[in-house]
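Naming follows writing order (A, B and C), and every chain is counted from residue 1.
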Amino acid sequence: MKAYLTCLAGLLISIIVALSFGSSGISLLEVSQHLLLNMNGGAIASQTELSSIIMFEIRLPRILVAGITGASLAAAGVVSQGLFRNTLASPSILGTTSGGSLVAASMFFYGSAFDHWYTLPIGAFLGAATATYILFLISKRFFGLQIQSLLLAGFALNALLGACTSFVISLMLEDQQKAASVMHWMLGGFAARGMEHFYMVLPTFLIGIFLATNITHKLDILALGEEKAQTLNVNMKVLWHISIVCIALLVGGSVAVAGAIPFVGLVVPHMTRLVFGPKHRNLLWLSAINGASLILLMDLLARTLMAPKEIEVGVLISLFGAPFFIWLLLSYKEGVRN
Amino acid sequence: MAGDEILLEILKETHQLNRLVAISTLADNDNYSNIANEAKQIKGRAGRELESLINLRPDLIFLASYNQPAMIDRLRKSRITTFVLGGFNSFDQIKKNISDIGNIIGAHEAAQKIISNFDSTLAAFKKSAPAKKYSLLNFSTSSTLSGKNTTFDNIIEAAGATNLANKLKIEGWSKISVESLSTLNPDYIVAIGEANQKDQIFTQISQTPGYRHMQAVKNKKIILVDGRKLLAVSHHVLEATAQIQASLLEYEKKHK
Amino acid sequence: MKNFLLEIEKLNLIKDSISILENISIKPLSNSLVALIGPNGSGKTSLLRSIAQIETYSGIVKMAGTATSTFSQAQFSKIISWTPSSFQLPFSYSVLDIVLMGRFPTHNGRPQKIDIDKSLEALEQMDILDFKDRHVTTLSSGELQKTMIAQALASDAQVILMDEPCANLDIAASMKLLKSLKSTVLQNRAVLFSIHDINLAQRFADSMICLSKGRVVAQGLPKDLLSQELVLEVFGTNSDWLQNKLGEDQFVFY
C-alpha cells in the first residue's frame, strides 16, 4: 500500500540520516568500508577502530533504542486514542509515565539509580506498570470499567503521582548533582543508551504491538460507541484489559529506557490519522513507523546541535509540541469557520 | 569540576598540560569554575554527549561519581579506561581524589606535593585562627543548611570557627523549617557574593524569614565569600577558608 | 410451529431502585414493521436497550424461538442489530467503512465480497450510495442518520431495533425510510422502531405497541390501537381519524 511505502521510506531515510551524522563526524561510508574489522581487545589502535567503536557502541545502539521507543510511544498513542475515542488522548492518561517517574525519582533519591545500569530501567518499568494496574483496579472496583471513569481516575492518579514526584525531587534539591540527574532523566533522552537497553525494551515493544494489532478491528468498532460496539460482538471487558496491558507495556518499556518523553503518543497518531486515515490496523503500524522516524530525527538533533553538550530529546519534542497545538487550534478555528 | 581543577593543578606541576585533552564545558563558566582563565589553554570540551567525548581518543577519562552507570558502561565497552572519582564532601575526600588522580596518571609526587601544600595551609590557618571561636551559619534563600559531612563544615572549622548548623545535628545539606532556623543565633552569617554586592546581599538576608531577626543581621555581621571557592570541590576550597578567616580577623580587629 | 422472531415475556427493568419498565409482555412478532410509540419517558428507549442486552433486565426475551439468555455474545450479535438515536463518531471513517462495521459479527474485521455487496445494497436502499467515500465527519445529521440505518440494514440481523430513526430526517426522507423498512421485513426480519410521528407510524407499520409510564398499554393494528380514548389517556391530547383526498386514513391531533 502506498501509505506503508511512504512511511517506510521516511523511516529508512531517517535511519540513514541518523546513522550518517554524529558529533564525531564519523560517516556511515567510513564504517561500512571496515564492517568486518577484526578487533583486538586492547586500546583503540587506529582511527578506523575508533570509527567502528563509535558506530557500533555509541551511535547504532542509541538509534535502535530511539527508534523502538518512538514506535512504542506512537503505538500506545493509537491504542489510547482508540480506547478513549478521542483524537487528543495521550497514553500518559493512564498514569503510566507518572508512575515510572515517581519510582525513578525515588531511586535517584535513595541512590539505587547509580548502582547498576539496569536498576533504574527496571524500577521505572515496575512503577509504570503498577500505576496503570492500580488505575485499572480503582476504575473497575468503583466505577465498573466505564471509559469516562477511567479518564477521570487517570487525571486524579496523574495529579497524585505528580505531586509525590515533586515531593521526592524537593528532597533532593540540596544535592545539586542528584537533582540534575533526575531532571535529565525526566526530560527524557537517549544519552549513553546501549544494546542492553535495546534488548530490554524489545520484548515490551513486540508483545505490546502484537496485542495491539489483535485489537485494531475492535477499536474501529468502538468508534461507534461502547454500547453499539457491544451489540456488534465486541467484548468491552476483554478489549479494556488488552488495551490497558498494551499501553502499560509499550509506555512502560519506553519510560524504562528513555525517561518521560512527552507528546509523541499524542502527536504522531493524530497526524498519521489526518494524513492516512483512521482505520486502526493501518494507523497502528504507520504511527509506529512514523514515531520511530520522528524520534530518530529528534535524537539526531539532540546529540549534535550543542555537542559536546546533550540536549534532552524530551525538550526538543516539547519545543515541537507547542507549535503543533497552535496549528491544531488554528486549523480547528478554520474548520469551525467553514 | 573536581577532575578538571585537580588535573589541571597536577599537570601544571609536572609541566604536562598538553596531556589534558579536554575538560568539562562547565570549566569555562566563571561563575562556577576556578580555572575559567586557564581553561582557554585546553582545546577540547567534554559533555554528556558520548560521540564527541570518545572522538577525542582519550587514554583515560575521569568521571564524577554521580554519573549514571549507563555512561560508565558505555565508555568501558568502548574500551576507554574510565576512572570514577569518589565523593567530594569533605577535605579528606578531596585529598583522596587528588591522590587517586595523581597515582593513576603517574604523577604521584606532584599530587603529594599538592596535598602537603593543602595540609600546611590548614596548619597555617590553625595558627592564625581568631582568638575566639565564633559561630557561623550559611545563608540560603531556601533555608538549606550545610551540616556535617559537607565541605562547608570543614571550611568553617579550618577557619577556626564553629558551624552552627551542627547544633541542629544536620547531616549533609538539609532544608529546615523557618522555625528551627530562627532558633539559631550565629555570630556571623556566611553568604556567597562579591564585595560590591554587599548592600544587595545584606538587604536580601534582612528580608529572608528565619534569618532576618538574627543578631548577626542586626549587627551587620555578614561575611561574603566567592561562590567558586565556597562551593569548590577541589583544593581551591581552601581559598574560601582564607576569605572567611580574613573577614573574621578583620571584624575582630575593628571591634577590639 | 413457526418460530417467531421476537417475543417478550414479563420484562422488568429497575435502575437505581426506580422501576423503568414493568411487566412488559409483547405478543410474538414475525416479519413485520412494528412502531413503538409513547410519550417522553415512557420507556421506549429503555425497552429497545433492554432487548439489545445493553441494560440488564429480568424477564424472558426470545428470538427465533430461543431465549436470548442462552445465546453467546457472538450468536446474539448476529441475530440482532441496535441503532441508538444519536451517535458521536470521533474519527473520519468513510461512509462505506461505517456501514461495513454493521457486518462485523460476520466478517470480524476482514470484509469479504459479500459484506461489501450487502453494504452497497444498503447504501442504495437509503439513497446515499453516492456518499460511500465521504467522511462521516462531513455529513449532516440527516445523512449520518441514514448511514447508521444503512449500517443496520446491511447486517444479517433478523431483529432490527431502531431508536427514533426518523429523528433527523425530513418528511420525505422519513417516508422513504419507512417504505424501505417495510420492504426489508419481507426478508424475514422484524423491525421494532420508536417514533414520535404517530401518523407516519400508522401509515407504514404493520402493528404498533404503545407504552406509558413503563408499561405496555396497548399492542395491535394501528386501526385498532389508535383510539381517541387511548391517545387522551396516554398523551393527554385530543385526536381523531380523518381521511385525506386519496381516501387514505390519517391520524391527527388537535
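Assume a residue touches a chain if its C-beta (ideal position, glycine included) is under 8 Å from a C-beta of that chain, and two chains touch if they have at least 3 such contacts.
Everything numeric here is computed off the predicted structure, so don't read it as measured data.
Q: Spelling it out: a chain qualifies if it touches chain A and also touches chain B; which chains qualify?
A: Chains in contact with chain A as well as chain B: not a single one.
Q: Between what two chains do the most C-beta pairs come into contact?
A: Of all chain pairs, the one joined by the most C-beta contacts is A-B.
Q: Measuring centre to centre, with centres taken as mean CA positions, what chain is farthest from chain B?
A: In terms of C-alpha centroids, the chain at the greatest distance from chain B is C.
Q: Please compute the C-alpha centroid of chain A, do the same for chain B, then give the distance between them in whole Å.
A: The mean C-alpha positions of chain A and chain B differ by 39 Å.
Q: Give, as an integer number of Å, the spacing between the C-alpha centres of chain C and chain A.
A: For chain A versus chain C, the centre distance works out to 45 Å.
Q: Using mean C-alpha positions as chain centres, tell me how far chain B is from chain C in Å, no decimals.
A: 81
Q: Spell out the residues on chain C that touch chain A in their complex, using ranges where they run on.
A: These residues of chain C touch chain A: 49, 52-54, 73-74, 76-78, 80-84, 87-93, 97-98, 101-102, 104-105, 108-110.
Q: Applying the document's contact rule, which stretches of chain B touch chain A when the two form their complex?
A: For chain B paired with chain A, touching residues are 22, 25, 45-55, 57, 59, 64-66, 68-71, 73-74, 77-81, 142, 144, 172-175.
Q: Using the touch rule from the top, collect the residues of chain A that touch chain C in their complex.
A: 85-87, 216-218, 220-221, 223-225, 227-228, 230-235, 273, 277-279, 281
Q: Provide the residue numbers of chain A that touch chain B in the complex, in ascending order.
A: 22-26, 41-44, 50, 53-54, 57-59, 113-117, 119-120, 170, 173-175, 177-178, 180-181, 184, 191-194, 196-197, 303, 307-310
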